[in-house]
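Everything below concerns the one structure shown next.
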Amino acid sequence: MISKEHLFELFTETRVATEIICAPLEIEDYVVQPVVDVSPPKWHLGHTTWFFEEFVLKKYDSNYQLFDDHCAFVFNSYYESVGEKVVRTDRGNLSRPTVAWVYEYRTCVTKAMQGLFLGSQNFSEELLQVIEIGCHHEKQHQELLLTDIKYILGNNPLLPAYNDDFQEYPVQEFEQEWITVPEGVYEIGHSSTSFCYDNELGRHKTYLNKFEISNKLVTNAEYLEFMEAGGYQDVLLWHAEGWDWVTSNKINSPSYWHKTKKGWQYYTFQGLKKITPEAPLTHISYYEAFAFAQWKGMRLPSEFEWEIAQQQFEWGSRWEWTESAYSPYPNYKKADGALGEYNGKFMVNQKVLRGGSVATSTKHTRATYRNFFHPNLRWQFTGIRLAK
Amino acid sequence: MISKEHLFELFTETRVATEIICAPLEIEDYVVQPVVDVSPPKWHLGHTTWFFEEFVLKKYDSNYQLFDDHCAFVFNSYYESVGEKVVRTDRGNLSRPTVAWVYEYRTCVTKAMQGLFLGSQNFSEELLQVIEIGCHHEKQHQELLLTDIKYILGNNPLLPAYNDDFQEYPVQEFEQEWITVPEGVYEIGHSSTSFCYDNELGRHKTYLNKFEISNKLVTNAEYLEFMEAGGYQDVLLWHAEGWDWVTSNKINSPSYWHKTKKGWQYYTFQGLKKITPEAPLTHISYYEAFAFAQWKGMRLPSEFEWEIAQQQFEWGSRWEWTESAYSPYPNYKKADGALGEYNGKFMVNQKVLRGGSVATSTKHTRATYRNFFHPNLRWQFTGIRLAK
Amino acid sequence: MISKEHLFELFTETRVATEIICAPLEIEDYVVQPVVDVSPPKWHLGHTTWFFEEFVLKKYDSNYQLFDDHCAFVFNSYYESVGEKVVRTDRGNLSRPTVAWVYEYRTCVTKAMQGLFLGSQNFSEELLQVIEIGCHHEKQHQELLLTDIKYILGNNPLLPAYNDDFQEYPVQEFEQEWITVPEGVYEIGHSSTSFCYDNELGRHKTYLNKFEISNKLVTNAEYLEFMEAGGYQDVLLWHAEGWDWVTSNKINSPSYWHKTKKGWQYYTFQGLKKITPEAPLTHISYYEAFAFAQWKGMRLPSEFEWEIAQQQFEWGSRWEWTESAYSPYPNYKKADGALGEYNGKFMVNQKVLRGGSVATSTKHTRATYRNFFHPNLRWQFTGIRLAK
Amino acid sequence: MISKEHLFELFTETRVATEIICAPLEIEDYVVQPVVDVSPPKWHLGHTTWFFEEFVLKKYDSNYQLFDDHCAFVFNSYYESVGEKVVRTDRGNLSRPTVAWVYEYRTCVTKAMQGLFLGSQNFSEELLQVIEIGCHHEKQHQELLLTDIKYILGNNPLLPAYNDDFQEYPVQEFEQEWITVPEGVYEIGHSSTSFCYDNELGRHKTYLNKFEISNKLVTNAEYLEFMEAGGYQDVLLWHAEGWDWVTSNKINSPSYWHKTKKGWQYYTFQGLKKITPEAPLTHISYYEAFAFAQWKGMRLPSEFEWEIAQQQFEWGSRWEWTESAYSPYPNYKKADGALGEYNGKFMVNQKVLRGGSVATSTKHTRATYRNFFHPNLRWQFTGIRLAK
């Protein structure tokens, strides 16, 4: 269990980091929601704050005065059991509360939390736990903030830059090799006493057949070959639902790619740029990852294969699609009440992604971390690692 | 034809008035589009500016430098023949250009226009005409700005106020009476040489049967009677499409009305308020206007009846639904090219409204003015005047 | 008022005619509903029968036993005030009752009606009226049966023929001329004592400006010119809603037209055939009629112009789109109760068509008849007559 | 590999069985498609026939004349790589080809197949294989025929019976007990040389933790307890997508259940009947299965647990939802070409069901059989077996 002191550090660092991400934004950028999966940045700021107000201050700080009655209604996201909320598709329709107001709300809650930390009160295990979850919850939203900002700016006809130095395409400077893992019984799941989500727990054995996995992520150059070979036109490479997705959305390249007179370019946080062939591919759906693997005559790893093999390769720049559906581990137990809605209720129709990405917050990933998204989504920094 | 001097006055007054309407807004309020018919205020600011740039400066000012290449794409609204444009439903997804940028754009174009006026150039009739249309076009958008702002704030869970003094519910301090108009041949349409839209022209004769029309608009109190008598539940009062609209949208009161513990209240520019029974009803659809008239055993006037009778009653606080569909007058001629898209292309599936409203810009209505909206819309200041 | 004897003749002729229309069908053809506006033929058979059971036998024949409790639920169409009904889009989902059952139901009701006629009872005016409406109601459904059958077969990939002799394209063997009608006050509406619908009543004066109207319907050849001149690609010819309709449905020809290796062909009741250039165009929407007139520099007549001029030209092979929206005449009064739902409740968002068509039942049209459809529909035998 | 003689028997028995299922139908019942997942019975008859024509006769019988050019277009289902096809939602819009025609088509193809069998030709392994797949394919459609017929009749307002003797609710006459399976490495997948689908192959090891599984399926009585305890109203029992499904479809009971004055009844092949409390529950979605298990504090088994434990309990009356997503086994290889579309392309967003049902064709299931459906579907005879 984390100590009160370390938790205070974690809390402070986390709250600041969120605001640093938003620093380059114009006020207008905080407001819009161009697609349902993307939330307005001001909503992220408010929602991560509401979490501490709702689950910590209301319960553990008897002196705390609610900042405003509307917060719960406006900033609750998916906790159905906590009461009414703004429907998700309406988040981008709300001009109020203003950005300035949201920052005040943040400051107020951050200060109240600091007060709680600095008070003489001993923190119960339960209290330590819920604050720790709140910090990791906010770190998750930091990554979403970055990807949502990229969506907001990258789908604007002006294609404005976000900042000068965020590097999305770190080159992998080593040769492609195949790592072989022998068959046998392996252990899966979180084991140490450090923080993890409930969905990583229930460490258990699994049997793996012998497999090989690449030490290197698929590059833009490799994916361009697939495109030029007609990969998007060959129905036999795709799942039935993937094919429907490709045809009804007229998909013919990764997200953010633009075919220009100067060849393929992509939108980055610095604006439109020429594609770097050797950089790891990103912004592709599971359907595209699968079709690419089919075309190569290979496959995606399962999440267990990935977890066992990961010590032998570098990872962390892309969330890597696995073949595994997001399901509970044996003996998985949902937490009671509202916090139990955190992970378990999404365990259907989603695919597990492993690794982490250039947008992942510090200390917010680990070898056992199970990220998950619907198979058609691609605004995250997703990527492909092949197995066979 | 308007003189250059009067036009300069009109232009100056119009440009300033638009900005005064926006003065109470927060930056965030300029950005959102909570429903397709409502445009973000910054879009109105840009679009009315783009009109002068596209149709005046590009053509008549050889020194003019385009402010930015993206304007046409972002701020064109419906002129299909002028080129590609942002689809209407996407207007609220654009955080850029920023509000500050739009104001700069306005200033730049206003100054260039002033330069044109102050130059020694004589203005051709064509040039006078297109600028005059541009001013009236902007006045139309002033009314839309007000109704869109009301929608944006009035559908926000915080129900914020807009300003302190805008009065939406001016009381009619006189008794209800019936004005009788004898049957006969009457003349309809614009006749003077002052400004009007093309859809008012082609002054022509029409035959009216004897009819009676009320000197007073229907009040909130009268409409409440209809509601309490079960008007929203009696299918026989409604058009088939009206009934579908009522049931699928669960409509049971005018727009902006809230049933609270203290009884019926409505959202106004000053926030939530108790309903004034004697004030003229507003924010109802044509379907509701028709059903109310059915329930009273009366009907709505035709637009011709309204135009002939209007000298005998006060009007101007509500756009009054008429029974008339929006169609061309005999001998109506669409203007050539893009400006021809202004009115004619909407002449199907819309109903004519006559009068004007508390939100109508000064000098922007007249007895022959033909406003038009789809029968289900109610975010304008619409109202009911009965005939029989 | 029609006499009991004439009404018996009308009733007998009408009931037989409906069944003759269905004689060439396979059982399967009676069941399907390929689009919401088209009803399964067995539904028409049942619905026209239900009308007599519900509005005549239940009320005027004390000995009548309901054929089956489900009839009202299955065969009520739009009389919201008469009780629950199968939603319109579900009609094609019902395999039961079977076609044989529906024919039994028809026979049973026809016989009971004959018993009523042959009984000694004097028919009240009210009874004569409701039966007469029932007959005209069934004649309306005879036309719908033909157009729905054409839709069902003409949208089947096998393009099967319906019968050998139904001629849809009668050639107009005379030269095109312009008929001039002088300006003045004219009378509009039904005047004789013979049958008409309530929407034709309230004969009243109208003022018409001088106009010219063609003695001839627009031909396939003329419309092909429009198509070849790019009419479907020129946005300036179309209403805004028409343009949306063209682009979102990828419309580029009248309904039932196929571009084949042998040139343009159309589906007819005898299967696919070469287009007859001189035959009158049909199966076009109001939007297309309007765009064609725009392209010609002319316009569509109003329904009043049509009614006044019609004695001077031949009509009856096409329902002719007019510029008039479907609205109540002055002094129009809806009938009380369920029969009042017949016409009045559709008086919004529809366009009036005048004339009649090759599919119109005998004695089912007249110079004052007001047909009406939404502007996008084209499965009826619609056509164009130009005015200027 | 199956012998030619046994295959002939299998083929003959299969073709006859399909037609026996359809014998009680009215012609009208063959035509309709009340919901997209349900196909018209005549489509099943044609599609299973087309399979033999397309994949056997066209390739292996040089004398075979295509029955009709339209078959491929009308009766191809999902083989995207074989050419154009009627879109799935349109199947119920086609009155032609008629039922009589489809039976002729069946007879013609069955005879040609019999000719092939009775000829002197030796059958290659490939030929034996494709015919065997064709038979099993038709057996799958036999089950779909039964469930589609139930849907067509059971959603008709007349609730007609199908036949007198099909028993959907066989009672489990034994006590509920928990079977314990020890942890360890187990083998999964098909091993014998008899027929199986490609998705069962790649027999491989898996590691199972110790678990318990019920010998008995959940009964109607147990599910009624869940309903009466408010299971459908408690958001915490449901997946997020399950909750959306419940609320937007207003689900409050299994499919085919009706709350009547006499209490809960359900539609069966013999019409509406009182619920048998002790019979195994059916027609529930995966979402409902999961929520029920949550409410019990238990869970659904994984497909591997089911396969290992199944020798110790009776199964075969319900397709049992498992917690496992439908994914490829290690070393799964899609067949080449069109037949490769059979199973692999559905391996996303579906859940595995194990067992078999009262509607499953003889010889069409086995312990390794992997059925799969989207988690919201319930027109199959699905059921629940609990694990913990």
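So that you can tell them apart, the chains are marked A, B, C and D in the order they are listed, and the count of residues begins at 1 in each.
By definition in this document, a contact is a pair of C-beta atoms (placed from the backbone, for glycine too) under 8 Å apart; a residue touches a chain by one contact, two chains touch by 3 or more.
Each chain and its UniProt protein: A, B, C, D = Ergothioneine biosynthesis protein EgtB.
Predicted model only: the values in this text are computed from it and were never measured.
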item: Interchain contact steps from subunit B to subunit D (minimum; 1 if touching); value: 2
item: Same vs different contact residues, subunit A with subunit B, by half of numbers used; value: same
item: Most remote chain, CA-based centroid, reference being subunit A; value: C
item: Subunit B-subunit C separation of Cα centroids, rounded to whole Å; value: 37
item: Whole-Å gap separating subunit A and subunit C, where each centre is the average of the chain's CA atoms; value: 58
item: Inter-chain centre distance, subunit A versus subunit B - centres from mean C-alpha coordinates, in Å; value: 45
item: Subunit D contact footprint on subunit A (complex, rising order); value: 78, 80-81, 183, 185, 204-207, 209, 211, 235-236, 238-243, 286-287, 290, 299, 323-325, 327-328, 330-331, 334, 337, 340-341, 345-349, 351, 375
item: Subunit B to subunit A touching residues, read off their complex; value: 26-35, 70, 73-74, 86, 90, 92-99, 152-153, 155-158, 160
